[in-house]
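Which chain is which? They are A, B and C, in the order written, and residues in each are numbered from 1.
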Amino acid sequence: MHDHFLYKDRISDLTRRVIETYVTSGRLQHLDHCPLPNYDIVVQLLDDLKEILYPGYRHRDWLHMGNVVYHVGDIIDRLHDRLAVQFERALCHGRGMNTGCTPEKKYAMEQLGAEKAILFLGLIPDIRRSLAFDVEAAYAGDPACKSFDEVVFCYPGLEAITVYRLAHAMNDLGIPLIPRMMSEYAHGKTGIDIHPGATIGSHFFIDHGTGVVIGETCVIGDWVKIYQGVTLGALSFPKDEKGELVRDTKRHPTIEDNVVIYANATILGGETHIGRGSVIGSSVWITKSVAPGTTVLMEPPALKLRSPNS
Amino acid sequence: MHDHFLYKDRISDLTRRVIETYVTSGRLQHLDHCPLPNYDIVVQLLDDLKEILYPGYRHRDWLHMGNVVYHVGDIIDRLHDRLAVQFERALCHGRGMNTGCTPEKKYAMEQLGAEKAILFLGLIPDIRRSLAFDVEAAYAGDPACKSFDEVVFCYPGLEAITVYRLAHAMNDLGIPLIPRMMSEYAHGKTGIDIHPGATIGSHFFIDHGTGVVIGETCVIGDWVKIYQGVTLGALSFPKDEKGELVRDTKRHPTIEDNVVIYANATILGGETHIGRGSVIGSSVWITKSVAPGTTVLMEPPALKLRSPNS
Amino acid sequence: MHDHFLYKDRISDLTRRVIETYVTSGRLQHLDHCPLPNYDIVVQLLDDLKEILYPGYRHRDWLHMGNVVYHVGDIIDRLHDRLAVQFERALCHGRGMNTGCTPEKKYAMEQLGAEKAILFLGLIPDIRRSLAFDVEAAYAGDPACKSFDEVVFCYPGLEAITVYRLAHAMNDLGIPLIPRMMSEYAHGKTGIDIHPGATIGSHFFIDHGTGVVIGETCVIGDWVKIYQGVTLGALSFPKDEKGELVRDTKRHPTIEDNVVIYANATILGGETHIGRGSVIGSSVWITKSVAPGTTVLMEPPALKLRSPNS
């Protein structure tokens, strides 16, 4: 008991030593009067957005055309309030307003956040239309799939594409940081990492999906099908004269319409184009363009017979 | 302030536009008086099932033989109530009863749901016996493993196999959709995607496991060991005369007893048999059968010496 | 209704049959008066630790130098209480004290748990300094990265490395089981599986990260960069004269300073050293040492032209 009190006396010393590192070690704390977007709220926003994109499939039971308007109207109302605040925070942060903020500037950012929240919510109908095609592509592309309901409930590819289409729209509206927070949340849940900056056509299907990486400057056509472990990545990173990475080039491949890429294939480089209708086999590694209609396969591996007693 | 009210006036317009897409864009909403299984409840069911499968390891502390009967009896009671309701929903849905339901049909489905819930719970002792072998196989197969407790607490492979054994039993009872919801939940948590339809023997061990995919028609023997990134998948999908995928063939490989498959290997095709005692090396890609006792390895990769200044 | 009561009568029978397996099937239950570390609490501990490592980025908004001391002091206080209890449980368990415990032994373990909790919390400032270098390495290594804030919010590699640095410190203090519970929690969230026993230098960067496995006896230098799907694993497991795995050898590779390992490469074996400044290409499979400055690449795959009608 006595000893335990001694240990507790040391809490204030420990606290002081931790606080000291908030001054000396940069980059790991955000301590000022201009808060960042809140991660917990961003996750709630995604949850609400999915509830109105897929009504009847997620939290609320017993929805029908007679009551869905109240449920959805209520969610849209609270979405707008929260989106406006989080957008404002992201916009202030993106413009470096944590120093030199004035009441006028703050008011202007509040207005801009609210306006962009309305613009974003106005895109939901289009996003739903696009997601309906993605559901169709999943059912058409997987013989293990028993129903459209199974796609909506159980396909991590649809979850990742849903968050991508939301985050991409937000990115196009010029909102910093929040689209990446959203895509990383989806990555954590599904193992599928799609950068919000990527450009992806209609009827996109990712099956299983764990380990898929789709880089920021990828361009993907319509009716493309991708399996688990596929990387659409960068080949190498040019540096500028100061030795720092050049950040705004096309570093990731272009995948044309009707391409299928099987499990664990790796396709690298901003100048790499996979031509329309090509099939890329499992585990291959490609850094050059491929003409339309090409099938790319690995050599079969060596077999080694083992004696039964080894 | 004034502007903000203006924006708020637009909420009802936004809601109306979203609701409209519930009529026109099919497949993304479930709006009728026959609700689907509820995802949140399905997740709670899994949590309760794991609490009685592994008592003392999960939520409740201080369990001993004197009090465990109350804890477990209470969970089984609420499991039965919830399983019955969710099974009923899945059965109605699987039989297309959202149109043409009658009180008699609804009553019959309620009875069937409750009966299958009892049958399912009656399988728990057998499932526990099977999982005890899986724990044994994990400890026997990983030199980094310090204790059986570590397997139960920390092995994502055991988590995925636990959910597989539950979902497979449910699948065998003819419950639609819920087994896939469960397997997808486990996939999200562990990165291991085992279809509930797969057939898997005793003493199954998956180490690390992220990226593992085991398809619906796989047949796996006893004492099989699989590492992260292994795909047991389909080679290609035959289509019927209408151009639609044929959905009920054996599309995934057969893995016989005592096979080890190392990281990121890909084995494809319903006619591919990996013979008893074979060892499949990392990153290989196999689409043909392999005789018992075979070791399959990749060629070592090319080495390129780089000058120090390049 | 009547039938439903009949089903309910069977609950007690089901409970009895499940309880019976708690006696007969070993390894899946922990039923005694010496509880194990609690998984839910271990997850809360990690959450609190991350809140003080990255103040202003996670749950609490509006932190500044004027109020952060109260927030952090409060968290450290409750961290100490909980760490002490969980450490005590792990220490008792690791020493097999569930049999033959005495009040004196229990008191000694309580003291030891509280002492090690203080020692662990005393390491937080050093861990923060080390994590600041990891954040720097992520920004320096990824051209898609827009800011340090993005690294802290959105990089699963940083999440996994954060938990690794905490778990490794705890492991060095001789706490059993809890470090592995923590690393497995991070693995579930990020798909990155770093064993707490691994030795990792400064400025470590993992990009995307899904599927990465870093084994218990790996040794990794400074400024190493690793991409998704990379395995640093064991080649084969020697067995002792009883046929059981030998558990305390160096089984995993050594990666020297300034090495880059691209997506899905697999490097195996305790004697495998990847020399300083080497570059290991995507999807390669290596089981032998590589001299400093070497680039290892896969052969380009075979291309097969397909006729447009096939």
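One rule holds for everything that comes next: a residue touches a chain if its C-beta (ideal position, glycine included) is under 8 Å from a C-beta of that chain, and two chains touch if they have at least 3 such contacts.
Keep in mind the model is a prediction, meaning the values are calculated, not measured.
> Please classify the inter-chain touch graph. Allowed labels: line, ring, star, complete, other.
complete
> Check the residue numbers that chain A and chain C use where they touch, and answer same if over half are used by both copies, otherwise different.
Counting shared over all numbers used gives less than one half: different.
> Distance between chain A and chain C based on Cα centroids, please, to the nearest Å.
Inter-chain centre distance comes to 23 Å.
> Find every residue in chain B that makes contact with two or more other chains and list them.
191, 210-211, 229, 264, 281, 283, 298-299
> Touching chain A in the complex: which residues of chain B?
For this pair, the touching residues of chain B are 3-4, 7-8, 10-12, 14-15, 17-23, 25-33, 35-36, 38-40, 93, 176-177, 180-181, 183-184, 187-188, 191, 193, 195, 197, 210-213, 215-216, 229, 231, 233-234, 237, 244-247, 249, 251, 264, 266, 268, 277, 279, 281, 283-288, 290, 293-299.
> Would you pull the chain A residues touching chain B in the complex into a rising list?
52-59, 61-65, 68-69, 72-73, 76-77, 80, 84, 110-111, 114-115, 117-118, 121-122, 124-125, 128-129, 131-132, 135-136, 140-156, 189-191, 208, 210-211, 227-229, 262-264, 281-283, 298-306, 308
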